[in-house]
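Here come two complexes built around chain A, the first alongside chain B, the second alongside chain C.
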Partner chain A sequence: MSSKTLSSSTASRKSVGWRFLGSELSVLFRRRRTWALLAALAAIPVLIAVAVKLSSGPPRGRGPAFLDQVSQNGLFVAVVATIVAIPLFLPLTVGVVAGDTVAGEASTGTLRYLLMSPVARGRLLAVKYAGAVVFCLAATFTVGSVGTLMGALLFPVGPVTTLSGTTIDVTESLVRIALVCLYVTLSLLGLCAVGLFMSTLTDVPVGAMAATVVASVVSQVVGQLPQLEWIHPWLLTHYWLGFADLLRDPVVWDSFAANAVLQAGYIVVFGALAYGRFSTKDVLA
Partner chain B sequence: MSGAADLVIETTGLTKRLGGRSVLNGIDLAVPRGSVFGFLGPNGSGKTTTIRILLGLASATSGDVRVLGESIPRALQQVLPRVGALVEGPGFYPFLSGTANLLRLDAADRYVSPSTRRQRVDTALERVGLSQAAGKKVGRYSLGMKQRLGIANALLTHRDLIVLDEPTNGLDPQGTREVRHLVRSLTEEGTTVFVSSHLLTEVEQICSHAAVLSAGSLVAQGSLEELRRAGEPRLRVVTPDLPQTHTVLRRLGTTPDDDGASPGAHIITAPLPDGVTPDRIVRELVEAGVRVNGFSVDQAGLEDLFVALTGEGFDVVQ
Partner chain C sequence: MTRTGRKSWRQWTPAAIAAGAVGAAALVAPFSANAAVDLPDKTAAEVLALVQEKDVAAFSGTVEQTSNLGLPDLSALDAAGGGNGSPNDDDGGDTSPASAAMELVTGSHTAQVYVNGPDQSRLQVLDQLEERNVIRNGDELWYYNSDENEALHATLGDHEKPDGGTQAPHDLAAHFLEKVDPSTEVTVGSDRMVAGRAVYDLILTPRSAETLVGSVTVAVDGETGLPLGVAVAAAGSSDPAFSSAFTDISYEAPDESLFAFTPPDGATVTEVDPKDHQRGEHTHKETAEAEKPTVIGEGWDAVVVVPAGQQQIPEELAQLSTPVDGGQLLSTTLVNVLLADDGRVLAGSVTVERLQAVAAGQ
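The block that comes next holds the complex of A and B.
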């Protein structure tokens, strides 16, 4: 190769590439759709708080865990809203964002221009995945923070009795709520990887979104069937509601760790599948 | 490698199968450095597919591809920063402005300086006449405005090669003329321009070289003069005396065909017979009593060559 071909002004030195991640996040959060999804999630704690406020007398028996505590201590709004959001609403919004990662770019025609910018295919997947993870954080913390806010507005706020029977002060309770949000974010990381993989299979984003949401629903349904108990520990959704340990005193980290290992497994497997598929794919859209 | 330094694009035996069908059958492209290379072919002949392979968007089924002297796809990440491209129409986020879209694509390029980003984006927008609409959401752009933005993206930084797939698609006459000027100024900057098109006049006006693709095979390639020379020259007679002219032309060894008509006269065209000079034809016609109102010998246009090479039929060849 001649030295002449290298002496171009453009191909001098490459930067680390954090700017592309920044640009990815700014595109994600400049979309009206992203804000609509977060607004829908924010509506859950608002509805719960308002419903409890308007209902007369403490609710009995049925309803999500901790619902009966809300009227005594507003901090529980965040926890109840998170529990309500986990089975469907969170996977739905995360499915939309994760399923859109690659297929969305393909459908707008921007995928080929990103690849020619150039962005190496592995790097594109990594940045897209990181964007979806940031959305998960935004989603869980939207539910948590709006819940806390609504609770503080409509109900008394005070020290919380943990599941171990001890009492923790308000600051410590807020830390626990943040821990729950982080736990739920962690729970969704595997689903993000599934969505990323689905997104490499098609140029139709809605298809990838639906497939991702269906994956989470199927996983939860299988998790309810005692006949398939042997498979339960491997399910994406196995630890989704297992954050009770974070509400003990002191915090028990076992389920957090087990969940992390499981989600990491999903990330590795579906990340590899996504890369395997995308790195050799003909971009014809 | 001999000659590789002079070739910006070089493919050998490039073959591509798509959906169980052969779309490209062993293409040998040779695009010289500094040329404006017209890549011609009817709809569905494989122009865009070839471009996708050159830019690493799709893989070749077999064959060898070199761009800017480097092997593709192996050296793709080193080559692409030096290549600007518009492929199969522009692709942008409709909810972002023209400027924001270009900033995004520029941010993805790790080889350019972020400090000059804003300025380079503005310059590129200005070059395609979009400065006024730069702040508008792309979703509200017209077809031609999107096309211009797509061209601007190819111009974000200095490139050694610019690939434009149907650049004048959807452009108004001013836009089309601007593209011609743009291509010329790019050549002056030392950029090689590879333009795919089925608009022959356009290619004739701006290109120094061309290749013709037909149903996935390269049927002609070379400088524009070489290609024109390949087409046979035709003579054209304007006369009221149709039968006598036919007789004379047949005697001289050529077959007259499509007769046009102008008021009071016929227009007769025929391939120029070998070894017969134009002045001799005129002399023979006059001696035979033909009233010659007009006579000319025309080099075949690129269009005639194109039709001769790719067929008359309107149907897309599969």
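The block that comes next holds the complex of A and C.
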């Protein structure tokens, strides 16, 4: 949340901000669309778990990483589902929510009424962004928790083999899965900021959503081209698969930190772009 | 008109400031780390002595390795072939020691290195969604590959020390510093920072005209004498074709548990007799040397000759070779490999002409 201190009425403004965030979240999570997005994400681990259960198990080295371990240990369903969801499904859902933040209000004509309430535009933007961040958290933990549950239902659950070849117990494994979810949430924060900016550019939410998803896809495509290697460390998606560092023993935190710095950079730049655009925007509808 | 002009200015100001601040931070951060390094002046001989007399028993750190040998990145080929998985694994093609070794040398890698005394070391290669470990704990030598869930185990005898060690900068540096003889000009470059430590740059320049190596730069920790980085530049180029350096280092003894390895349930464990086949060594790049080849020449001009039929060249590499007089040439910026028509394989950091001369001379 924004922490601008306007000495006279800080307390009241703060409470307005929190109340505003509360109403934003309740609107977001009362929408049928939000639940549909989360349900679509939840379907990924369900599909993976059921498919592995019904088949005899894929041979080693085929399909996404860790898939072959699912039949021996259900906890891997969450990890495989996360790997599958990262390139497209998670950015897609986040793009829908972040792209809708401002443009959605503008298209339905409610933006005008929002701005009539005693809330500064910067604060409105911050609340909208915070709402999208909470959705990211909900999205990644949906994949992780549904994956863990499905894995526990259909497969044996036991100590997990880390990438380093050591074994960690179930509690530690659950902590690691939660850390992976946090890492993925962090990875999506930059994309959220891009979506917020796109959303201030247009009154057509679909345009902002599409542009946000395209941004993540383009970033991943560029990340695949060795000719553009110099640009790779700057890409939004550069550390997206780095969560595997949390599955090593000992845990390697470097990519977590590097990812945080990178995403913070995106938040600052695109947050400022969004603020500049939104604070001077003529709200006509 | 003026109003819209002013508005668009106002509109993008915050973004311009933010982008400027982020850009400046990104540019300044590496420079500030490099700022104001001034070690007491030392001659090349004194720095060499510093390395030789180093008394570093234990350390751990992160190593970044990049190479630009003019070869396609084999790991990238592998990844491009199969999205997330590596379907080529079924062919057994890329599990061959030679191609695993090539992959280690050609790609960019990040690894963690832990060393505790002469008998405990661990190299942890952090690949995306995979990991490879080479762990030495006393007499035990383990290699573990998470992608294959495969472990190799060897028990070392008393007098058998694995050569090459961890292939981290300090071991690579030892390899190059061995070559320091009258055929090498040794100078000291300007002080700089590597992994947060002030280092002397020891620059080895071969006097030979037949080698492909232009210079080798070894970054030596000014305090402890441990080599923290090695960069090899090809002749006529200032950009390193290969570099391996610590990005952070700690001189505290690593935890004992890091060297304990028990293969996980379900892993394929292969016992390897180190005398027998040296398979456990297959992560090391000098696979050719493990086959007891002959070495012709000395120092920078050395050429390794592998007798016919002893060395399998991975198919993907053979495809990259070009025909020359006397065989097929596999050329990189730092190493030339001649696959002679008679089946011998000649390799060295030398010109094609020298390889051909050696091939003809035998």
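To be clear about the criterion, the second predicted complex is superposed on the first by the 266 of 285 C-alpha atoms of A that agree within 3 Å, B and C clash if a C-alpha of one lies under 4 Å from a C-alpha of the other, contacts with A are read in each partner's own complex, and residues count from 1 in each chain.
The definition used in the following text is that a residue touches a chain if its C-beta (ideal position, glycine included) is under 8 Å from a C-beta of that chain, and two chains touch if they have at least 3 such contacts.
Since the model is a prediction, treat every value here as computed from it, not as a measurement.
In the superposition on chain A, A:17 makes contact with chain B only, not with chain C.
Once the two complexes are laid over each other on the shared chain, residue contacts for A:245 go to chain C alone; chain B is not touched.
Of the two partner chains placed by superposition, chain B and chain C are both touched by A:280. Of the two partner chains placed around the shared chain by superposition, chain C is the only one that A:271 touches, whereas chain B remains out of contact.
In the superposed model, A:118 lies in contact with chain B only, and not with chain C. Of the two partner chains, chain C is the only one that A:161 touches; chain B does not reach it.
Comparing the two complexes, residues 280 of chain A contact chain B in one case and chain C in the other.
Of all residues in chain C, those touching chain A in their complex are 7, 10-15, 17-19, 21-22, 26, 62, 73, 76, 80, 84-87, 89-90, 110, 112, 124, 126, 128-131, 133, 144, 146-149, 151, 258, 261-267. Considering their complex, residues 1-2, 4-5, 8-17, 19-20, 22-23, 26-27, 30-32, 108-120, 280, 282-284 of chain A touch chain B.
Interface of chain B with chain A (complex): residues 5, 18, 52, 55-59, 68-70, 76-78, 80-83, 85, 87-96, 100, 103-112, 114, 153, 157-160.
Partner chain C is touched in their complex by these residues of chain A: 59-67, 72, 83, 161, 163-167, 224, 226, 241-242, 244-245, 248, 250, 252, 254, 265, 268-269, 271-273, 275-277, 279-280.
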